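Handing you a structure now.
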């Protein structure tokens, strides 16, 4: 805020000058400027539209969107596509769910425990593969994911295998709205943490040098270490969201870890635009309700996701965010002309 | 363990090994020549299985012809996919090529699986056998003719593929592209054509697998999942892009899987496989027979 | 035969060729000499379609080569032996040579050319089953030239064959090129080894900072004062070629 007052004093026309300064502050802070109006919309939407069905849709969209955001944190920033993502979500969900069912531990402790478990497995996976070429991480994470799913199916005594388990709900109320706000809170916290890492000295340095390992060695940044922090954190967040999912939906089956679910989240994040965090989140709010309204589309949902992913890869790698930036650029250009 | 059980495990293992060798060989070829990680490799297996089923059951063609048609169809589908998806991606993408191919083909895999489900439903389209009868070796040890021929087809496919790569001019051109693209262009090789051909060949090997194993794995939309996972497992274990190693590795994995299944049961067998791969990546990240030619470590 | 006019091209983001014109006629042995970074390699790469020219035309036997891909230009009958050689290291000497004739469909012709290449480089015949990656530096050069000859090209472009070779091997490679020319090949040679090059070739172009600063019969250039002063005396005295030009030259290629 000091920036704002300073520029007020120096500028000759104080009534107009505050906005550039605010804009600059917004640009410099780890929080992307777009995040503020987005948060306002997400806070207000359920208040404006008081409809239980819509609230469920919003919660579902947010759950997908938050996953896409967490996925993009590795996919878009360190170019490590976590191909076992759904299994990490599932690991968090099962950890929290089983703790609640078998040990009567509160979901509020279970969810962080789920994050811890997923983070630990993510750390091991990353430590083994992140020094290798990018695709090894993906393949390895995929195998880890498949193994997690296999274990969940196989440990019938604990998980009841394919039958699945019933998990206590997080809240007493059947109303979706409180869940939505809790999830929104979690998403905001995750977002801020991820942005802080991206905006940290090491994060910025990593972005500047990219995958150029010569430059990295010269600048003293250890890219593998940064990637490991990133990957572990992303897996932990996936686990946290999984824990929420467990006590929100109330039923867990090993099928939630299947690769198709990873591809769905991956498609969201790539369609939204990689390296943006919010692109996938916004896309989830556009696509999830669409599928729900048009039941016919629901059945070919994966075909559409797959096609959109292919089209994004081939035709427009920048994704929706690229489209958005282009529009913003156009509007700004207009204003300057006018 | 008695001899009959051992024999059966060996037969199953070698038969499956033949399939994995076919598929992993194709997958390794795609990586070695084009630097492509094809996640939709299993879907080409499904294409082969469906075409063989329709040719053999619906149109009543002789088994061998049905299998050949299926292989040809997979070849064509592969060529089509390369021209329509991979080529535009290559024109478009800068850097991160390998990862982009992985993402693109994973989208493709989902599209193909679910389209097949919409068109043909989830119903299994299998056959009990192409060829009747069993070959008896001792009173307790025998092999179904069908299995033996399927294995023979796999072996012929692999050998033919190998000879093609080693002995023909086009095969040499494929290897040339994998070793030095500039050099390949400078002797007059058209990279686009070779890449389309390579993708089509890799697809054909997967399709041949799907067609010849129809009695073991029926055609259904998600039939490619397991073969895809296993062939990926094989190429990662031996080292990405190593065609010869993948063929050997395919047989090893087939055998190991057969025994692991017997001792551990289906669920834990996957866990066991994962343990193996973690160990290998710990000791030798480039894979068992991995070469450093393409570079495994980040540069 | 080869007609390059007003060629401009860049190496990466930097423009290094500023309007180069040159021509090579049937049966000639022409040299393109100049200091490091003068744009010699980029000129060759532009002719072969490996670098897209910014402007200018390249014609071969009256047909324009602009816009063609390297493999198409090769099929017109131009071989390019690059600085990096671009051999297929995982294949045998024999397979490398056979691939050199990839675009020819006459098997008998390929077999015949193979014999004459083995005749020119007996060491290759000796090692024909060895992998290219296991050859010594000199043998690799010979294999690369041999592979280029397998096309029975009407024109051969050779980029810095002396690079990284011991003096004795340099002489051997030059001797081979001279023989090639005597057998009727047309050659455009890029070299830094000015003295030897000028003794061997018919004509030469001197390239400095992306422009042709001098051209003429090699024997005339040998007596040229500017060349005498800056390059040749040095070249005759030692192994070497060009000292760095006074202005520091262009970017290192």
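Annotations
Each chain carries a letter (A, B and C) given by its place in the written order, and its residues are counted from 1.
Convention: a residue touches a chain if its C-beta (ideal position, glycine included) is under 8 Å from a C-beta of that chain, and two chains touch if they have at least 3 such contacts.
Fair warning: this is a prediction, and the values are worked out from it, not measured in the lab.
The chains touching chain B as well as chain C do not exist; no chain touches both. The most central chain, judged by the distance from its Cα centroid to the centroid of all protein Cα atoms shown, is B.
Comparing the centres of all chains, each the average of its CA atoms, the largest separation from chain A belongs to C.
Mean C-alpha position of chain B lies 43 Å from that of chain C. For the pair chain A and chain B, the distance between C-alpha centroids works out to 34 Å.
Work out the mean CA point of chain A and of chain C, and you get 55 Å between them. Taken in their complex, chain C has these residues touching chain B: 48, 50, 69-71, 74-75, 79-80, 82, 84-91, 95, 98-103, 147-148, 150-151.
By the touch rule above, chain A contacts chain B in their complex via residues 79, 81, 83, 128-129, 131-136, 138-140, 142-144, 146-147, 150-151, 153-154, 211, 213, 223-224, 259-260, 263, 266-267, 270, 299-300, 302-303, 305-310, 313-315, 317. Within the complex formed with chain C, the chain B residues making contact are 169, 172-173, 175-176, 179-180, 182-191, 293. If you check the complex, the residues on chain B that touch chain A are 37, 85, 88-89, 92-93, 96, 98-100, 102-104, 106-111, 113-115, 118, 229, 232-233, 236, 240, 265, 267-268, 270-271, 273-274, 277-278, 281-282, 285, 295-299.
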